[in-house]
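Going in written order, the chains are labelled A, B, C and D, and every chain counts its residues from 1.
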Amino acid sequence: MNLEALFSCLSSSACAVTQVSTALIIGMLLFMVASGLSLIFGVLGVINFAHGAFYMAGAYIAFFTYQATSSFLAAFLAGAAGVGLIGVIFERFVISKVYGKDILMQLLVCYAVILIFDDLVKMVAGPEYKMMGMPEVFALPPLELAGGFVPAYYVFMIGASLVIGLGLWLAIEKTRMGKIVRALAINPQMVGALGINTTLLYAAVFGIGSALAGVAGALAAPTRTLTPGMGLSILIESFIVTVIGGMGSIVGALIAALLIGFTRAFGAIGFPLFVDGMMFGMMAIVLIIKPSGLLGREVTR
Amino acid sequence: MTRSGMLRDAVIAIVALAVLVAIPFVFTKPSLRDFLIYVMAYGLLAMSLNLLVGLTGLVSFGHAAFFVSGAYMFGLLMQSGNVSIPVAMLITVAGTAMLALVIGAICVRLKEIYFSFITLAFQMFIHSIILTWVSLTGGDQGLRGGIPRPPFLGIDLGNSVALYIFCACVFMICIVVMRQIWQSPFGYTLRLIRDNPNRANYLGVDIIRMKLGIFVIAGAMASVAGMLLALFVSGAYPEFGFWTTSGEAIFMIMLGSSQLFIGPIIGAILLRLLEHFVSIYTEYHGLVLGLVILAIVLGLRRGVADFVVEWIERRKAARAPATTEHTACAKEGAL
Amino acid sequence: MMLSVQNLDKRFGGVHATRNVSIDFPAGSLTAIIGPNGAGKTTFFNLISGAFRPNSGKVIFDGQDIVGKSSLEIVRLGMMRAFQVAEIFPSLTVNEALTAAVISHQRKSWTFMSRFPVPEAQTSAEEIIELLGLEDKADTLSRNLSHGDQKLLDIGLALAMQPKVLLLDEPTAGMGPDERWRMIGKVQHLWSVKKMTVLFIEHDMDIVFKIAQQIHVLKYGAVLATGTADEIRRNQDVIDAYLGTDHHLSEAIGET
Amino acid sequence: MTKTTKGISRRRVLKGAGAVAGLAVFGTPHIAGAQAKVIKIALPTILSGRVAILGTSSRSAVQLAFNQLNDAGGINGRKFEVVDRDSKGRPDEAAKVTRDLVNNDGCEIVIDGEASSGSFAVHEVVRDLGILCLHTCSETSSLTADPKQFGKNVFRCARQGIHDAVAGGSYAAKIAKEKGLKKWATCSPDYAYGRDNTAEFLQYAKVFEPSIEVVDQLWPKLFAPDYTESITKLLQVKPQAVYSALWGGDLVAFIEQSNLYRLFANTAYFSGGLGDPPILSAIKNLPVGLNTAYRYNKTFPNSPENTAFNDAYVKVAPNEPTNWAWQNYAAAQFIIEALRRTNASTDSSVLAKEIAGMTVKQPFGGSGITMRESDHTIINYPVAWGKTQSKAPWVTDYVDTEWSKILEFEKQWKKEKGYA
């Protein structure tokens, strides 16, 4: 425990800027994954344990697209769209078959999908480490901001996540389609009775939620190592985020993801040994005090 | 009727134990013994978890916490060299029960998916303690140097057949204990909680205490499973307490059946057989296993044992349509 | 006095759900609680059974104030309830569910060493089954019972606890006319056999006027009127309250 | 809960079905052992998950060695078959798989390709079974250094932490002296190997250059995908040099993410794990001048035999040789030589007697790698440090450390630990 270091960091603008940006880097990517998880749970009531595998798929799709085209934009779009498509297929042919069954059935099919994806990746890409490499556009020296440093790519990554998150929020809160989706979360029969194709809507929501994991994977690909099984650790972290933020709440996911980001960024300075403990601790405390999470509504399914 | 139920279960248990014990003398291949010990350890874990999942409706994602605590407590006690195997086992069961009491006291207050999450959180917490407390646990390397098996009461578990028979006996004792719980008034009260906790509360059932009770029992049983595995591999490893271990136990339950008493054991046998053979023939066993799980879940939509039982019953019903429901229920105690 | 409610008051945020309600229920009485939709009848049951905690007021049950006690404690003191939508145990048979309830009443839920069903409990459960007239269905899974039988079982579960006071929330809800009368006949029979204090919420005025000794009318959470069937029938406030909202009452009044 | 009929028959049927399945499986013994001409080598290893490359490169190397032997006609007319199996990185699975390979598949020699805890689990099994086993991936010193772990028929053919620490310490001290690097930090994965490795490196660096001062130690989690908070912390602390025991995919991510912050512009970097070719080639922008321990390199030792091994390996394997690859290949050479000397005996203790103290000349060690008799672990294998360059073979300027020096400090270390 070194609170002195923490205070001296906070009082130096260089350190504060660097660590705040670190918090955002960690937090926003986590938010991308967790928001998809949360969206799917909020609307469909399904906990998509395969979300980490989707993140991995997004990273690998981006990796191969980048190798083929050398265009980061193409890689990014392919990652998002490809995983969105995988999500729709998964929803239609697999997870929709266990709607209304108990959570264990859902867990089981998701586990099956994780196993299949990990092996498919190993078959297609091999067991070794893959790294997409930094696209030329971002090969700049880190930006200097009040004495602190922020790499150009991370500025883009934070910005892109913010824009996507904001777009998602606007789409849900401000559009007609968003209203329907919110209604779907609360009363699917009613939405169905209004003549709206709920089957299609479920698939679409699942696809969008999955695409968010794909986006996260594509954004992570230039800086993170790709290996089979890479989805596991992010799955666990995004679970902590959704539980703290509240299952089904996008804003809650953002707050919780940033909370984790800040805990890790400043924990590394002030209390490095307790960071993990703090994350579990926060989760446990939230569960005990308000099981539905900071911004979640009670769900009885 | 109740007396006879107990008697019949006892007879079945003795016969089953006799068969289990006879196996190494009939089929002398050591690999069959290994396989069975492995199935017994994991089967016991799944069975103990099913006291929560199938009997009480509590879906714990963190049951391996007690499995790993059993393995480590036992391993550490034996390595200390001060106690004999049976004493170490008793202390471990008691110690794990205490641990389950503390963790359970917090967890059982939460409902449904939130219960699942908090059990998962506690398990991850225990896993990370094992990883960090290197001086005691050996960290990620596990408990090294082997777990000594000093002879007791003339039994030498260094002999692999003796070890197998010992495991079979311990396993069967636990099965009998769980069977008794499953069929006791306590067990039926847990079914009330599983089906409708709110109503159970208005029937004077203290839900929190009942849940805590079964949580502690299930934890203690899981610790026995952990001890069997520790004895078998002569070590204890943090992976025993990783969430994938809990996950496997859940899959065993789902593969077999959560509502038949012996369903989880069937699931354990199926999963282990499947993994055993698939990994012999391909390194892509994850792919095969995943496809098999999907086929079972999407095709059967229930556990394999459930499916078989229903199929048998449909055939029976077709053959003898006159069977009345009453006689059916008289047999209820059978499983 | 078996149950005495004094100045009971409950607010949910801005909604004043129960307003200064005071009612006495003598031992062995059969009392109806009526009122238009949203009058706060179910809330009233929830308050006295410990599901909700009142903002103020007392509930004296068998000589002690039970406000602040948990629903579990109140149940163990002998106040039982059955629900508007039958609350049963879908995967247990009628016999099993009732036996388990009896075991709970006998405080033997923690018994590990004997086998279910224990003979003493079995006997009591069989008595209840006979009382309910569910002998044919004793071994049927609860979820396979008809709607009416599920409601009966719900009441039977409460009976297994040997209640001093039994709260019945619309025992005839969702039933056809004939079935209603059969049901309420059974309730009346149980009441007379078991000598309990019974409170029931009911919408069907014919039923209420036929069997209730005392009737309490709630409106907007407050007691509008109290009395016997005849008194209520003639009460101008009640007629006003129901006119326009519930023609059935006025029809019922008109018929007599 | 399905509750229609439940009878004793159901139990019997299900139990019976399970038992029949089980017996059908194990009841028919595989024909193995004496009658068969083929000698089977067991290879329990990790073939799935994040460290699958450990298993695949181990497997490729062992298969390469025995295929070469088979192509050359085997020994005494007997051919060899490698039976690998995935433990999924789980120690209990590793133990079970090893037992299976020996008891069920009839393997007569075990090459243990498990890392970390898995190798200890296999260690217990092979001690129990008394079968010949060579550990090929675990670098944890205590596996062989601790006399309590000693097994008559069990060897380790892998680099050992303490050897690397002495070599790394002396190399680092030399550079520190030359360049005046006094302020050091470490960034290693938070698990037993990472902590031990880092502590030992620092211990010997300080022995050789007492002016070294450690200003901070960071412990990111093993298999963490993101190291940003550790990297920015290093930027705050501004050490002159960083030592890291990160390895595998974690290291790839750490280097690429550090590049974004230009961390290596002003900071010297010493890595225990960077020397594996698949890691070096996975990193897209490999900074020049990073210091790394030797893991494997086709140009070091610069001998035709090593080149031949590398060329043969890349033909059959999906990736370039790793540290695990050469260790497994070397282990196979020990076994093959022992089999040759004993005319393909499969008696574990006979083979073990031959292997203890054996030196194999090729292809990795200059004067040959020796299996030390006293503690059954290898010495005289390549222990060196080099600097990175921007293209293949990625690492050059290897500086060898004298084995006499390593052994001297190892002896002292064993005393301190109470191992000798």
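Quick note on the criterion: contacts are C-beta pairs under 8 Å (C-beta built on N, C-alpha and C of every residue); 3 or more make two chains touch, one makes a residue touch a chain.
Note that the structure is predicted; figures quoted are calculated from it, not measured.
Remark: among chain pairs B-C and B-D, B-D carries the greater number of C-beta contacts. Centrality by C-alpha centroid: the chain sitting nearest the overall protein C-alpha mean is B. For chain A, the chain with the farthest CA centroid is C.
For the pair chain B and chain C, the distance between mean C-alpha positions equals 42 Å. Chain A and chain D have Cα centroids lying 34 Å from one another. Among the residues of chain C, those touching two or more other chains are numbered 91-93. With touch defined as above, residues shared between interfaces to two or more other chains in chain D number as follows: 1, 3, 47-48. Shared contact sites, meaning residues of chain B that touch two or more other chains, fall at 191, 285-286, 328-329, 332.
Residue ranges on chain A touching chain B, taken from their complex, read 47, 94, 97-98, 101-105, 107-109, 111-116, 118-120, 122-123, 236, 239, 243, 247, 276-277, 280, 283-284, 287-288, 291-292, 299-300.
On chain B, the positions that touch chain D within their shared complex are 8, 12, 16, 19, 27, 29-32, 34-36, 38, 131-132, 134, 138-142, 144-146, 160, 191, 229, 232-235, 237-240, 259-260, 262, 265-266, 269, 273, 276-277, 279-280, 283, 285-286, 305-306, 308-310, 312-313, 316-317, 323, 328-329, 331-332, 334-335. Those residues of chain D lying in contact with chain A across their complex are 47-50, 52-53, 55-56, 218-219, 221, 223-226, 228-230, 232-233, 235-236, 248-250, 252-253, 256-257, 259-262, 278-279, 282-285, 318-319. On the side of chain B, the complex with chain C involves touching residues 2-3, 5-6, 180-181, 183-189, 191-192, 194-196, 198-207, 210, 213, 325-326, 328-329, 332-333.
Contacts from chain A toward chain D in the complex involve residues 9, 14-15, 18-19, 21-22, 25-26, 29, 118-119, 122, 126-134, 141-142, 149, 151, 153-154, 220, 222-230, 233-234, 264-265, 267-269, 272-273, 276.
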